[in-house]
Amino acid sequence: MKFGIYPGCSLTGSARDYNESVFALAEAFELEFTQIPDWNCCGATAAHNLNKELSLALPARILALAEKNGLDEIIVPCAACYSRLVVTQHELKKDPELKNRISEVIEMDYKGTSRILNVIEWIDKYIIPQLDAKIVNQFRYKVACYYGCLLVRPNKVLNYDRAEDPQTMDIVMTKLGATPIDYPYKTECCGAGFSISRTDIVSKLSGKIIEDAEHRGADAIIVACPMCHSNLDMRRPDINKYWKTEYNIPVIFVTQAIGQ
Amino acid sequence: MSHSEHHTERNSLAGSIESKVDVKAQKCYQCGKCSAGCPVADDMDLPPSVVMRLLQTEQPDNDDRILRSHSIWLCVTCEMCLSRCPMEIDIPSMMDYLRQRSRSEKKVNKKARNIIAFHKSFLNSIRFTGRLYELGLILDYKRQSLNLTQDISLAPKMISRGKLHLFPTMIKGTAHIARIFKKTSN
Amino acid sequence: MARIGVFVCHCGENISATVDCGKVADTIGKLKHVAYSTEYKYMCSDPGQTLIKDAIREHKLTGVVVSACSPRMHEPTFRKACAEGGLNPFLCEMANLREHCSWVHEKNELTTEKAIDIIRTQVEKVKLNSALQPIRVPVTKTSMVIGGGIAGIQAALDIANCGHKVVMVERSPSIGGHMSQLSETFPTLDCSQCILTPRMVEVAQHPNITLYTYAEVESVEGFIGNFKVKIRKKAKSLDEKACTGCGLCTTKCPQKKIPNEFEQGMGMRPAIYVPFPQAVPNRPVIDKEHCTYYIKGKCKVCEIVCPTKAIRFDQPDEILDLEIGAIVVSTGFDIKHADFFPEYGYGKYKDVIDGLQFERLASASGPTAGAILRPSDGQVPKNIVFIACAGSRDPAKGIAYCSKICCMYTAKHAMLYKHKVHEGNAHVFYMDIRSGGKNYDEFVRRAIEEDYVNYIRGRVSTVYERDGKLIVKGVDTLLGAQPVEIVADMVVLATAGVANPGAEELAQKLHVSYDSHKFFAEAHPKLKPVETNTAGIFLAGACQNPKDIPDSVSQASGAAVKVAALFSQNGLTREPLVAFVNRTAPPMYSTCVGCFLCQSVCPYQAIEREDFKTRDGKIIKTVAKINEGLCQGCGTCVALCRSKSIDLYGYSNNQVYAEVVALLNEF
Amino acid sequence: MSDFEPKVVAFVCNWCTYAGADLTGTSRIKYASNVKIIRFPCTGRIDFMLLLKAFANGADGIIVSGCHPNDCHYTSGNFHAKRRWIMFKELMDFMGIDMNRITFSWVSAAEGAKWADVVNATVTRIRELGPYVSYKEMVDKSVEEEVKNG
Amino acid sequence: MDNLVKRAKELLENKTVQVVIGYEAGPTGVIRPAFITDPEKAGKLIYNDKCDQNLAVYLTKKEVKNFGKMAIVATLPVMRSIMMLISEQQLFAESIVVLGISADGNLLDIADINIMQGYIEKSDLSNPEKYKALLAELNKLNPEEKFAYWQKELSKCIKCYACRQACPMCYCTRCTVEVNQPQWIPVQANTHGNMEWHILRAMHLAGRCISCGECGRACPVGIPCHLLTMQLTDQVYTYFKVYAGTSDKMNSVLSTFEPNDKESFII
């Protein structure tokens, strides 16, 4: 079994810290993985908003590259990329005709055999079993686990955790010594792809997410998605301006929390 | 012979949605749970359940209203509606289709200009480099949307934190990516 | 040698206007084996019938073909006439000249020829008819009612009042069912207990009713009029005759922390308990799962305190064998609970409750003595939200149907709340208001117009807790799908009515079919709503689908009449048009090879096994055998049987084959 | 072939199609007189061999009709019949026996007009197809074979 | 095949079974069925790729049953036949021991029905490849050609009923052809009557045929009658998604139904 990683664009740019923490974790737990060679952008929201075929072809190229390089399992830390890859795999499995068409577009064989893991699945499968041996400091904080949309929805396609009040991240955080709070905003949307085009909507939605976490006395919001992180963290000035508030609760990637 | 076979080809928007994305507007019984859970419903001119109702009428005027609406661009594809819909209607897929129809029929709502400008810039960025070039994206978006001053304060901080590359990363298969774009642009 | 008589009717001019009846009668008269052929204006009239009767005697007819209207119209008439004429009624067939010929074709040669063909075919068929005798089946005039809710109670009382014996079997320690849990009932708001309790007592005291509570049906064999039933009387650990129902044991029992089922978990009960004060019978049972003595081997406080020494720890379950003639199934329904709803918190919020829990809160005999209080902190909710269609009409959750009763009880709940908490606000989220029924819609309107219940058309997307309040996020679809957020103190879910756990198992024991939701299936959705596809087993109440009290009671009375009708005679008479498996001489016994594929096609479980044994009891061969009491004569088994070992009286292989040949060949 | 009068046999169940055909009569709706009905208690009773016997005895067309799914008087006879006809049709198609000559239909007791339509459509179709010559030839040839063989 | 001989010997020696049904080479080297009752003669048992007769046909024969408990050398079709016979109550699971043979000719350890079921479920249950090709050829013909083809083939039939005798599923003590009230199938052999017989046989095997092809091999005049049943096997799978002989509690396709069974020809 060879493990691949698909970092996705954000992790090489705006979410560099996330990328670093994933690799640091992998190193600390002696987990090796290969970057999918010459990977491309998954197309994100833009592609499926404007062009359905493109939105399937871009992820299909990534998956085909993984297959070509014998990567049976791919870790996808970005929740948005994770969702695009899994959805593509699902759509092409459902419709063999479409699969042929996309194979033709990407000029590559596509079988759809790779197993795609999101970051929590990866942690659960490879980190947690050896956590006790490696853990240095317990992460003794009250945390709000924020899953966002794309880790759990569409639930019937991703088939990961439960759609309402998911638990996997809470369980991981509990094992790290943290106390997850009962948090109704776990899967509410942060504004996602409107990060730049509609900062007002992002501020409004992300603000509600932050407000509830602060209100319930959380010390930090834990995320597993660079887009959520950037909306909740980088957009904090806009949020505070929009809601006339001064929220300062930190937003931490789940991998950073383990690294601490 | 099933009952549906008795129907002739429908020209309505609902008809094409049914054949293209396998979403049946008639399944909606207007409970409104989608609109109740939609994070952007209160910003929408037509909340999702209203879009469904308009589709059900199969009237050209109403189809037009949908394609010209701001709503279809405000949908963030958070999938909450599908997740809670008692009839399991795939509204997000339908929204993707509506956006494409709206563009191809040149009925895009003016207020959605920024959103589309961003999506276009995004795709432009990867069309040439294969990956997202965030600085390029922002600059291109500013050009397209004419939002010249937005986020100016963010950039230097990000560049200094290594979060915003000054130059794009080009993948090896840029020609490959360009062909994919070409083949999928119908 | 067959001697067939053919009687061609003109039906006034209905037939003769397009068919040359004279020619028909002449032509048919020349056929081999036709001993007599005649025509007459009205065969069904008295003189017409007399004509047939006389001809049977005069011409020594062995078969009769009346060529007139549809057999669906007058077959009984002419069969009776033949019987009066001395001919076995099943040796009479009808040729349908009117509906299938004269009325649907123009007057011409072809039409007359077709008439001749139709008659010829019936002549060939009737030659092969057998003289049949009606089937007599004895009937045991004792019925069994399974389930002692309001439907079972009504059915049992109705049957018992007709003078027939009833055995009532109830799974729990008391009869009364869900109705005993209700506070008030719609649309009159009269107290449920007040109208139900007298009925419960009547059941217990009725001389024709034997009541077994804490008992379950173990097995059912046999068929209509002749069921053999085994009932397991679970050990109550009590000598019921010795017990006076003083209740001392229940107050002294040290184990007091068992969630009370009757209170829907909102109260506690001891291990030896009477489910509720008005229980019938009013005798305690020991819940062995929770009793300290049964778990740890010591305690016996109840035995010590019992003044009449009625406790029996070593009492075994008892199996009763009963002979039963008819069965009424009235096992009722269950509801989904709050934990079924992920978006409403998976049941983790104490103040999100279901409708039955609200009934207990509103009930004067309930855990709060009728005060509407939050289970979490005992406070009076100032803002209460009712969510209709919780689970119902929700294919995504596997329940596509409407539970029918929720619209009404939700209106009732909102009304009861407003009557008890005058300053409170009640909101109802609904999709449609289904209030068809006598005084039902008026009732809902009263809630809205007089009690100012705020009805909001739309579904609730999610409910979550914040600062001890429940945030309800819904929508008003009548305002263009405007989001609505209500900060509530309590949320009541009108959860879907579902089949009782164990319904499937019971259906299998009874050989009664059930739908994909495990509700029992009626024999016909319109015309046989209380019958099942197993003769002699009837349905009453919500075990068939969710129903309110008036519907359950009506259906129960309907089922009771079916039972009473069955018991009104000493035996059953059935048309003998049933299937049979042939029998031959030993060592073959039958050409049936015993594959029993016929068993799975039979909708009536009418196919049984018959063993042929040697003198010392060794089985030589097992073959199929038709139970005439159950067979309805569809003949599906006949067409399926590969060795042609099954045949059907009235539509035998020989007969239908002859019809095909006759229809297509001229002789 | 203008004077060709097809022989059509209808195998129908008592509770739906037979009653439906009664209603056609009561409603005085006219239809082709080429069809002759054989009554069965249920479509479940109709042996596939009878259809072959009809062709062997010179039928040019056949109608098989019963209650709509879920409406069977015996609850499930028509469902079993449906499976039987699916298999029969596939076998006939495989052997080259002309399934255009058999109409399978559901006609309820309320569908008097539909019965007339089913009959007329079938008769019209069979009229176009002409007599079932190839089957008749096989049967006739077989009689000769028998005579020859003794 | 030492394993097979060893196992058969064991079973006979410790009296687990009274007869082992298998294959042996006859005097001229032709493979024929063997009924071994003496442990010392177990060595006669062989298995190779020429052993293609479906031995399950003997399981319902009185003469063989009279030996007592039986062990049977069972390739996939035999195992599937056994499943059918048990579900149709012609055989008791307790009365046989299955000496399973894998596709590559090795002895399988089939301890009970569940294990056999597991093995069957894992196997390819569609028609054997060589027949698939023939079926595809025939399906390409137009109706007239098909009718002509079958008329020609079936005119050869001499009504010897070897197809019936060879089929493990044709276990009726009285066959429809022996019924004369009415005479469903003409007694004499002629093309039309032969066709009726073969239609009857195929319909009676619809959903029950386990694609062993024994009927075709048994035909002395070479009629490919197995293609009729195999065509229906394909169709049964297409319509109802089941293969015969996959469980000991099979409900036959024609004796069960699903309310939503799909067809497109009933108006």
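Letters A, B, C, D and E name the chains as they come in the text, with residue numbers starting at 1 for each one.
The rule is short, and it goes like this: a contact is a pair of C-beta atoms (placed from the backbone, for glycine too) under 8 Å apart; a residue touches a chain by one contact, two chains touch by 3 or more.
What you see is a predicted model; the values in this text were computed from it and never measured.
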Shared interface partners, meaning chains that touch subunit B and subunit E: C
Two chains joined by the most C-beta pairs in contact, as defined above: A-B
Distance-to-centre winner among chains (Cα means, whole assembly as reference): C
Intercentroid distance (Cα basis), subunit D paired with subunit C, Å: 36
Distance from subunit B to subunit A - Cα centre to Cα centre, in angstrom: 21
Distance from subunit C to subunit A - Cα centre to Cα centre, in angstrom: 53
Cα-centroid distance, subunit A relative to subunit D, in whole angstrom: 63
Shared-contact residues (touching 2 or more other chains) in subunit A: 163-164
Set of subunit B residues in contact with two or more other chains: 80
Multi-partner residues of subunit C (at least 2 other chains): 343, 462, 601, 640, 653, 657
For the subunit C and subunit B complex, residues of the former touching the latter: 343, 389, 393-397, 431, 457-462, 473-477, 480-484
Residue ranges of subunit E touching subunit D (in the complex, touch as defined): 138-139, 141-151, 155, 184, 188-193, 195-196, 199-200, 202-203, 206-207, 228, 231-232, 235-236, 239-240, 253-259, 261, 263, 265-267
Contact set on subunit A toward subunit B in their complex: 9-10, 12-17, 38-41, 43-55, 57-58, 61, 104-107, 149-150, 153-155, 163-164, 187-189, 191-194, 196-199, 201, 205, 234
Residue ranges of subunit E in contact with subunit C within the complex: 88-90, 171-176, 179, 181-182, 184, 204, 251-252, 254-256
Interfacial residue positions of subunit C with respect to subunit E in the complex: 588, 591, 593-598, 600-601, 622, 640, 642-645, 653-654, 657-658
